[in-house]
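Following: one structure in structure tokens, then a few remarks.
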């Protein structure tokens, strides 16, 4: 495939790896924001090509991981309501709520349907006028325009049986929150390239400036990530802290303004609770007043915030980049993808799952 | 089982058979009105015990057989309406409508449920308040009180999602119609014992008198039928024509007056079309004005009468007792219970089916 | 369920017809479907023999058979789907004159089935296998979406060493051969129906589900001249008998008075308008034996608890192929036919 | 679906758990269910060997295996449920080092299935059986109520004469043995998914469904030292490989660059967030062979069209049992695990 | 038509005349039967049951008549 | 997060800017993609697709940059 295979060649990867090694003089800790990047790093073994001085730590960039348990419980609640069809991305099916997950709810009789695109949820609503169809709209800025479009179209079509349970989050406020944490040890960021196709990266410039931290908008292929690391280290070694755009084939500084418009008309910025990080001001999206009738929370009751209790799971620290999954005592033993203790083990993109899939030495699960 | 096994003994049967033979001096044709009796005759080989002079011919006493195709088509129509649950006795499942039958409709996705008792249909209505539940109420006077009870109770409970498609028929008018037909050759009747548990037999007395035909209210066990035959022949040989009650352990002259009351309050007497016999005045029951809201015809449109077209099927004549099933050219070849051409082959009680099951010599179906 | 295509020259009558419950009733509709569709398509001598399983010409001759089990409810008085899946195939192997040895088990599970239920079923299978001395040596497991099955379905296939030193199949039946029935009939079908239908019946009726291999092995070991064996499952005694008579090209005659039917079974049949001869069994079989061996055969059968009420109920005769007649309790005669359609409660 | 009972000491974690799709995914959840429930219950050495089928100690040694087929839609590009039901079991027999000979077929039909559809399926089975030289010698037919199945389900069981003169099973694998893959992977799973999901994909992707018996027989006949064979069905190459490595008590290492995946398959995997190593095949297998026989084995495989693209993709090593690592295209290394959960389209 | 089966009433429950139920023994099988149409029935009586309803109470004296009648014929 | 896959636009259908669809080639597999957010796209362009929506048009010139940059580093 064009625009994929050429960014996965061993020679070029080695070239970048050598270049990085050449310029690295001391330890640096970089955070890749996006779980997709974490996944690529693990799957291709990109970190193994880097000099020991460089630590890659994994950011909160998995919408599945950061969705608070309150929303999962609400989704379960809604799915259990007679006559409701709950549509969701496949990713959400096994995320544990307080007592169950959507896969178990489906096994127990709830009508839970996996969609590939939000537009399918809309089609389900059209096809089942006698049912309430609720789309569980999760995602970062990349997904928000697509999710927003369902509401926009439902409104245009007068689809009265459609609504969205919105758990959308925004990246820049989370980056700021991480940087503001006491003891923060992140020297540079690989920003999430696909988020930036929508948002552009102007918003990252004041962050880089104010926190004196290099930010490189980075793609998802091995060469993209290696170049992103190179550019970040290059800045760090020279004491610079600007925003660079490694992913220029896909990302423009202003982003996708049409997508931004639809997103801003359907959604409004709200404070949001992030797993592992607590509430972050202006870090989420909710349904805007103009589209209030499509808000599932208006139809089925508002999501109720609960205290986050994680037991022995250290996924909060993992999501903040403070600990690595394989440093968790439960990792690979009491906590596996089949019996996850934390959301970062459930999501295919979660850092714990990525470590488990690609990095664990085989330890037998404790029975 | 008490009240069953003692009426099935070979010795007593032979005793009655001998007694019948002793008194029979010339050919007599008797009609057993009820398909249940036809079935017992075939199953136990009762006719084989009788002298050749006696012909038993089979009456229209199968509610399945005489239900006009219009009602089957209406039931199919209703069953095909989204949201409807059609409840029916198992007997009705394979009765062919113009294009299909209820078993095929169910296979094609209609919600058709077999009930053992009309009360189950009522329970279905209670359990599915979001569905229209229609009970296909067929039967003679025996079944009418039970079917009437569903409407009576639905009214009492205020069950708004329940209705009945009524195809109830009455025996005495049919007997009169048969006797009035030109060329009628019936010398005596075995009246249907179970019908008479409800109606009593006072109504039969003027018929016997006016038409000079003996009528013996008869039970369903071999000895009952043999005694019924004996009593009938006895009258005929002596030139008598009165109503006798062979089935006195179950039938009283006034019948079951409580059952009559409920039946008369829920239903009213209407003219009805009988298969093979055309319309007979005052021979059916419809929903009475007081319970009109429970009439499925009021909810789903009235049954539309069609012309009866039977092709090569002679079931009309079979139902009138003018021909025997095994005299039909299609019998056992082009017409079998798996591929019935007429309703008398479909119903377990139909005369053609009884002949096929118990009497046919094996002729290979024509492919 | 939307695929359809007329291009494969469907039989004339088959064009737009739908599969109905009757096709699976084990009676005529089933027989016709097998005749018109499966047998011509697969076209081999083993299927032509229309026997319970295939006797294969392999070193040491083995029998190989299969059945799927779809009973509802999964647990019913006297047995459950797991024990049935073992006994059903064990019995079919025994019906081939073979000693049941190895089974396969294929599970189709409905999403949402409690694991505890599955465990109960599996435990029951294991117990039945132990008890009958067979090993379940290979298997498969599938899960289908909720609403695409009914709890679980089980298929078992089985193989066993052929013990009989002569063919045992309908084709061996001769006029004059006697028909032995291993015990009273109708218990399994009525037990399941009473548990399933909303009939609100309280009874002590339990399924007869059991292995019938021990008495069959005993008959073989003692050299009884067995012509044919048939277990009386779906479709009941009537369907099995008619099928054997048709394949043998003979008529048969039975005495209804000699056929054991328990009073409670008979009562439920009256209530629901069913003929006990059409009701399913899971631990009953018929054995066709040479007339000179009848008494010895009955003696042997009665030594085993599963066939302690074995009786001689009739015989095969020259006559129309498949014409089975029964003498009724009052001395009349009637034709006995396969079950037609599904078994449903009737009012008339 | 209401039966449950805790009295049969369910495993602690199993108490109120429901069967989920993952249990049928052919990956870890399936393996755990087999480990914790079926194998202990049936408890016999054949199941312990965890092989595709059972090699039975009968005169002339025969293999016996079963599978149920529940694919949706019934017909999909390149194949259909009928051909799959034949090839799937034929392939499992071949994987035992045996020549497929006889199959059983058990059908569960949903009320409402068009007969024309059934005929198409049966015809396809018959054709597949002819083509692969096996006979379908016994069968069974059940019908379940509409909404209790998904058109139809098929179980096949099969037996065949063992050709190998040494055991072929995971326990035979030694460190240093090479891992051969018979061709490109992922076609069946993606063809079915593209036909099933409302993904609106137009592609030339066809299932690879085919008999792999001919190249296997050739390997055996030419005396290749085969340690183990495994067809790569549900759960894909990754699941089969991990399972074999676990059973063998060895580690394994593969080169991702050497594993053939067609560009269109790879593209769909990217779109849906799937790993081609987890995608099902129906005409692919892996063969573990002694290192000295690799070149001859590849030569033999490449002579058969179904394995003309056979390649050497890695080897077994001393190490943690079941630890399979893959060298990525850029030279990094990762662990390869069984499929976990169901295969669903993902957005991230 | 009108399959009706004899059974022995074991016990009677309920006051509402419309829904009064009897536990009825049919050859050892017990089933609930609606007794609305046989208010006179008492335990140990035999009734005829059709589609879940008792339609009549059997008269034990009359039940002998078929045999007595046969006897008179045979004399 | 945010799986996005590059594909080549083969053709474009529809006038309504909200529902404009492109037939897009992904390594030989054709899929319909909503083009609402890339009004500038034309056939033969490559786009990135996320959950059925095109989110950006790929710039072929910029796509070479990662290799050019590497070359400058290696000199």
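For clarity, chains are labelled A, B, C, D, E and F in written order, and residue numbers in each chain start from 1.
Keep this in mind: contacts are C-beta pairs under 8 Å (C-beta built on N, C-alpha and C of every residue); 3 or more make two chains touch, one makes a residue touch a chain.
Not measured: the values here are computed from a predicted model.
Visitor: Using the contact definition stated above, find the chains touching both chain B and chain D.
Guide: Neighbours common to chain B and chain D are C.
Visitor: Note the shortest touch-path length, in steps, from chain C to chain E.
Guide: Shortest path length, in steps: 1.
Visitor: With chain centres defined as mean CA positions, report which chain is farthest from chain F.
Guide: E
Visitor: Top contact pair of chains, counted by C-beta pairs?
Guide: After tallying contacts for each pair, the winner is C-D.
Visitor: Taking each chain's centre as its mean C-alpha position, how far apart are chain D and chain F in Å?
Guide: Once rounded, the distance between the two centres reads 36 Å.
Visitor: Roughly how far is chain A from chain E, centre to centre by C-alpha average, rounded to an integer in Å?
Guide: For chain A versus chain E, the centre distance works out to 73 Å.
Visitor: Could you state the distance in Å from the CA-based centre of chain E to that of chain F?
Guide: One centre to the other, that is 81 Å.
Visitor: What residues in chain E touch two or more of the other chains?
Guide: Each of 1-3, 5, 26-27, 50-51 in chain E touches at least two other chains.
Visitor: If a residue has to touch 2 or more other chains to count, which residues of chain C qualify?
Guide: Where chain C meets two or more other chains at a single residue, that happens at 18-21, 111-112, 199, 263, 266-267, 270, 273, 346-348.
Visitor: Taking each residue of chain A in turn, which ones touch at least two of the other chains?
Guide: 1, 4, 35-36, 62-64, 89, 107-108, 116, 120, 139, 143, 349, in rising order.
Visitor: Which chain pairs here would you call touching?
Guide: The list of touching pairs comes to A-C, A-D, A-F, B-C, B-D, B-E, C-D, C-E, D-F.
Visitor: Please output the residues of chain D touching chain F within their complex, sorted ascending.
Guide: It comes out as residues 194, 199-205, 263-264, 266-268, 270-271, 273, 346-348.
Visitor: Can you check the complex and tell me which residues of chain A touch chain F?
Guide: 1-4, 6-7, 12, 15-16, 18-19, 34-36, 61-64, 89, 116-120, 139-140, 142-143, 145-146, 149, 152-153, 156, 192, 194-195, 197-198, 220, 223-224, 227, 230, 246, 248-252, 256, 258-259, 262, 349
Visitor: What residues on chain F touch chain A, complex-wise?
Guide: 1-6, 8, 18-19, 26-27, 34, 36-39, 46, 48, 50-53, 55-56, 58-60, 62-63, 65-67, 69-70, 73-74
Visitor: Name, in rising order, each residue of chain F that touches chain D in their complex.
Guide: Within the complex, chain F touches chain D at residues 1-3, 5, 26-32, 49-51.
Visitor: Quick one: in the complex, what on chain A touches chain D?
Guide: Residue positions touching the partner: 1, 4, 8-10, 13-14, 35-36, 42-49, 62-64, 89-91, 93-94, 103-104, 107-108, 114, 116, 120, 123, 139, 143, 222, 337-339, 347-349, 356-362.
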